[in-house]
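A short write-up of the structure that comes next.
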Amino acid sequence: MTSPAITSTRPTIKFDRISVILWIGAAVLFAGVFAYGGYLITVMQLAMIYGVFCIGLNFFMGYTGQASFGQNAFAAIGGYGTAILCVQYNMEPVLALVTSMVVAGVAALVVGYPTLRLRGHYLAMATFALGLITYDISVQWTSLTQGYMGYAGIPPLGIGSYTIEDERMKLVCLTVLALIGLWISQRLRNSRFGRALRAISGSEPGAAALGIKISRYKLIAFVIAALYASASGSLFAHTVGFISPEVFGLHMVVVTFTMLYVGGVGTIAGPLVGAIVASLLPEIVRSTGRFQDVAYAAILLLMLIFAPKGLYAVGDLFRSRKVDKPETRA
Amino acid sequence: MTLLKVRNLTKRFDGLIANKDINLDVPEGSLFAVIGPNGAGKTTFFSMISGFLPSTAGTIEFDGHDITRKPQDQIAALGLIRTFQLVQLFKGMSVAENVEVGCHLRTKGGVASALFRPSWFYQQETEVRDRARELLDFVGLSAQSEQDADLLPYGQRRLLEMARALAAKPRLLLLDEPAAGLNTQETDALALVIQKINAQGTTVLLIEHDMALVTRIAQRIAVLDFGRKIAEGTPDEIKQHPDVIAAYLGVEEAEHA
Amino acid sequence: MTTASATPLIAVSELAARYGHIHALHPTSLYVAPGEFVTILGPNGAGKTTLLRAITRLIASSGHITFNGRDVTGLKTHQLAELGIIMAPEGRGLFGDMTVRENLVLGAFKAKPGELSGRLDKVFTLFPRLHERLDQIASSMSGGEQQMLAVGRALMADPKLLILDEPSLGLAPRVASEILSTLGLLNKEGLGILLVEQKAPLALKLAQRVYILSSGSIQAELPTNQIKSYHDLARYYFH
Amino acid sequence: MPSSVELIQSLINGVGIGLVYGLVAIGFSVIYNASGIVNFAQGVFVMLGGMFAHTLLTTLGIPIWLSAIVSTIAVAGVGILVQILIITPMWVRKAPLFAIILATLAIQLLIEQIIIITLGDQPRTFPSFTPGGPLKIGEIALGYQLFWILGCGALMVYALTQFFNRTRMGRALRACSQNAEAAALLGIPVNRMLMLSFALSAALGAVAGILITPTQYTAYSVGGPFGINGFIAAIIGGFGSAPAALIGGIVLGVVQSGAIVFFGAGFKNVVALTVLLIVLLFFPNGLFGGLAKKA
């Protein structure tokens, strides 16, 4: 398939200095975590799971320019779907994951159709309400969700008799899945479909004037984001082996938004970078003991005040604009 | 042949009449201009034609299709493409990508083709990129094609918006005050581009307050004042028209002239 | 520049503004002498509104401004208003959900309570119609009445310099000339006025001096008695 | 089916808590109208009001009326600090909407954690303002605190209406919400008005928190629920006038109380949020249309 067209396809990742440093840093980090083992492995596992969630969120917020504060609802559908199907019905983990994604996608379609007419604060609030409703249902509908107790004993990922039990192997598997997720999102982004989404984000009137059906594209992006969220919910269930309503609560909204913000909304690698950095941040401030959460919130606020468009935008200040032309440098 | 046919088009906002019984026939292939002082209702008129504002009364017919109160994307799909007074570029996309979006109506493909990429996908992408390059050449922006669109100076943004609209291969191109905020050289460059577009067979309907530009390039001019059409004719007829001079320079002009 | 021998009421030098990357206003200098009526003419999109917004610091702008000889470059919009630089903005800027009375009283935000009734009386003498409509909601009035309210409200602030941005916009000619002649009256009482207009004859009758703005910079400065016919001006519109 | 006594009792309680939601809703509207910002951290002001009053009352032994006044002023101060230190700097830097929402959520997290560290994480309460009660009407019991809530709530709304319509500052605040540029051109210091709006809405939240604490409890975590319910009430009321927000709150309070009777306590938020979604989708300008004017 090495047609000339492929070579002229715009590179998905810009190989400027900062990106290279970032990728090297990530590699070193992974090697270190791998060697060190222990608790850091769990931290990185969670970072990858949240990363999958953020890739989807980035699709909806970054590329399409719409705010959703309720993606945790779809993560809950994924998590509970997997848990119920695996624990109660002994379904294959992979099959359970896919089934839950289908359910989440249909839910997003049904919910998104009326909701996406709203904009700005109202869309944010309506989606926020969706997340909270899902949380309350997961607490209250005890016959289905076992309430606050949650589900334990969810089997790890695997196919047939082969299951991934080793923590290091789990991390490798999650990392590969997250990278596949990123790759898919890149393929979608760099296409007629992705261009239309980014056009909507740039200017809705401009997009409409060129014949783009805005509501339909927003809805598709919302469903895609829900599929990612659902997948990450399922992965959480399989990796940790236990879920409860708290996992998919308000905490998840704040954490994932922080990640996306730190990594840079609308950037390519932002969701994954943000997920790693923001997962490590609490570990760094952990040394402050009982001031840990205060430090976390204070750092977040300082970043929001001084770099309101994300840390990626700070990097932009040091980036020469000419570097945006990789073809001529190659 | 008449490409755009407007009959008794009227728009009321809360009792205020913005457009009143406007009739207009834009012949295919022409370069037609609508002018009028600030607040005359030009943009309202435009927004109704392009489907961005529902009309209160009247009909709009484009290429034989009734497009009154049709949604914007359907009107665009028929080949009626507009630009905006406040340029609506896609922020965060490069100059070339902006034009590539313009090809939306003339291409196909959704999620599945983006994911699985059959061979036509690559062929189409190549065509889209070539088309974008061609159009950027045409408006003179090829050197900036990889830049972020929001970094362009104002005059070039207008040109980019025009290239983007052309990518949709419009039958009728609506330009909303394309010279607003441009300096003299930029206006001249723009005038040339508009004339070239028209010469290549695209019908152009232009809203403009820059009389100098309009009288130079338009073949026919309609004048709006207080939401009504007060005159229509060739540039020379319009320049001499007492009502037009009055509308632009004020009511007492008629006495002084 | 033919600077008046006395200190100008307001003097603006090298004022420039941009929207993002767009130079909306190139470095511009102008002045208004005490008691002078100055009009800025220019076609649509020439940067007239931007110039006024830059002077009143509604947008960030570079350059210097002195008022009554005092450097007021660093002051914010509301501080300039306290000094007496009052603008009735483009589109009138009324508080649409509030009554005529409330709008007027807000105009005198900085006034001492005792001064209020005197100022109200003055506005009612100039615009008796506002007195009749005192408890009407501003947005429910006709365009002409709204413009009267905008001017009246600005007068409530006891301006030293009154700036108006196209007060005739969208008004029937008779109403527009009624409002503009009131401005002439105020000018005769010694109020400095800076008026932006698109329609030339009305504004030229009143002004002592005219600036012509086009493409974001001042193209000409003329005393009105030197403009022999409107066809002199027409070339700025029709070229 | 619940008995009619049970139902009436719960509806009366619903009116009480609804008034409190209404006060929070007014707080939301005051800031939103002045700046276009939705302060998602509005609920922490409710929490701080209750916590401060409790501390002054029980630890320092200050009488309740003085504790209430001092706490309200202190919380208003917190509101001003939030505006000066966080909102304005972000506003000036043209932060995107989602960043400001995230910041208000972070403010909530920060203040909650500071309260845990300084005052602890245990729920607490203080007695009703007047001892005794409840008042019995047949089988229906009315706690004395309910009358305090009704009285103070009505008084606050009356005072606010007077403030907005009769005073120079109140009018200026309304002017800023309708056209901030025109207000600045008349000499009204817009930024100081924004500060005033934060102080005012924080004080409203504090009063709500002080009033409601005797009927239930306060703890570091009560801000979230109050904030969300207050926001829902504001949406129902349409972000318009103070009375509309108050009615929005009462509607919500009554619906929630009814939901508790019919579906159990666990579903009161599901019902409230469903009401929110219905209002958003079918009455996008609020039940009283206040939002239409902003658009």
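For clarity, chains are labelled A, B, C and D in written order, and residue numbers in each chain start from 1.
Everything that follows uses one rule, which is that a residue touches a chain if its C-beta (ideal position, glycine included) is under 8 Å from a C-beta of that chain, and two chains touch if they have at least 3 such contacts.
Source: prediction; values computed, not measured.
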Selected pair, greater C-beta contact count between C-D and A-B: A-B
Inter-chain centre distance, chain B versus chain D - centres from mean C-alpha coordinates, in Å: 49
Whole-Å gap between the CA centroids of chain A and chain B: 40
Rounded Å distance between chain A and chain C, as computed from the means of their C-alpha atoms: 53
Distance between chain centroids, defined by C-alpha means - chain C, chain D (Å): 42
Residue list for chain A, restricted to those that touch at least two other chains: none
Set of chain D residues in contact with two or more other chains: none
Set of chain B residues in contact with two or more other chains: 151
Overall pattern in which the protein chains touch one another (line/ring/star/complete/other): ring
Contact pairs between chains, per stated definition: A-B, A-D, B-C, C-D
Of chain C, residues touching chain D in the complex: 56, 58, 76-78, 81-82, 86-89, 93-98, 102, 105-107, 109-110, 153-154, 157
Contacting residues of chain B [partner chain A, same complex]: 50, 52, 72-73, 76-77, 81-84, 88-94, 97, 100-105, 107-111, 113-115, 117, 119, 121-126, 128-129, 146-149, 151, 161, 164-165, 168
Contact set on chain B toward chain C in their complex: 16, 37-39, 150-154, 177, 179-184, 209-212, 215, 239, 245, 248-253, 256-257
Complex interface listing, chain D residues touching chain A: 38, 86, 89-90, 93-99, 101-103, 105-107, 109-110, 113-114, 117, 224, 228, 231-232, 235, 264, 266-267, 269-270, 273-274, 276-277, 280-281, 284
Complex contact set, residues of chain C against chain B: 20-24, 43-45, 47, 143, 166, 169-170, 173, 177, 198-202, 215-216, 229-230, 233-234, 237-239
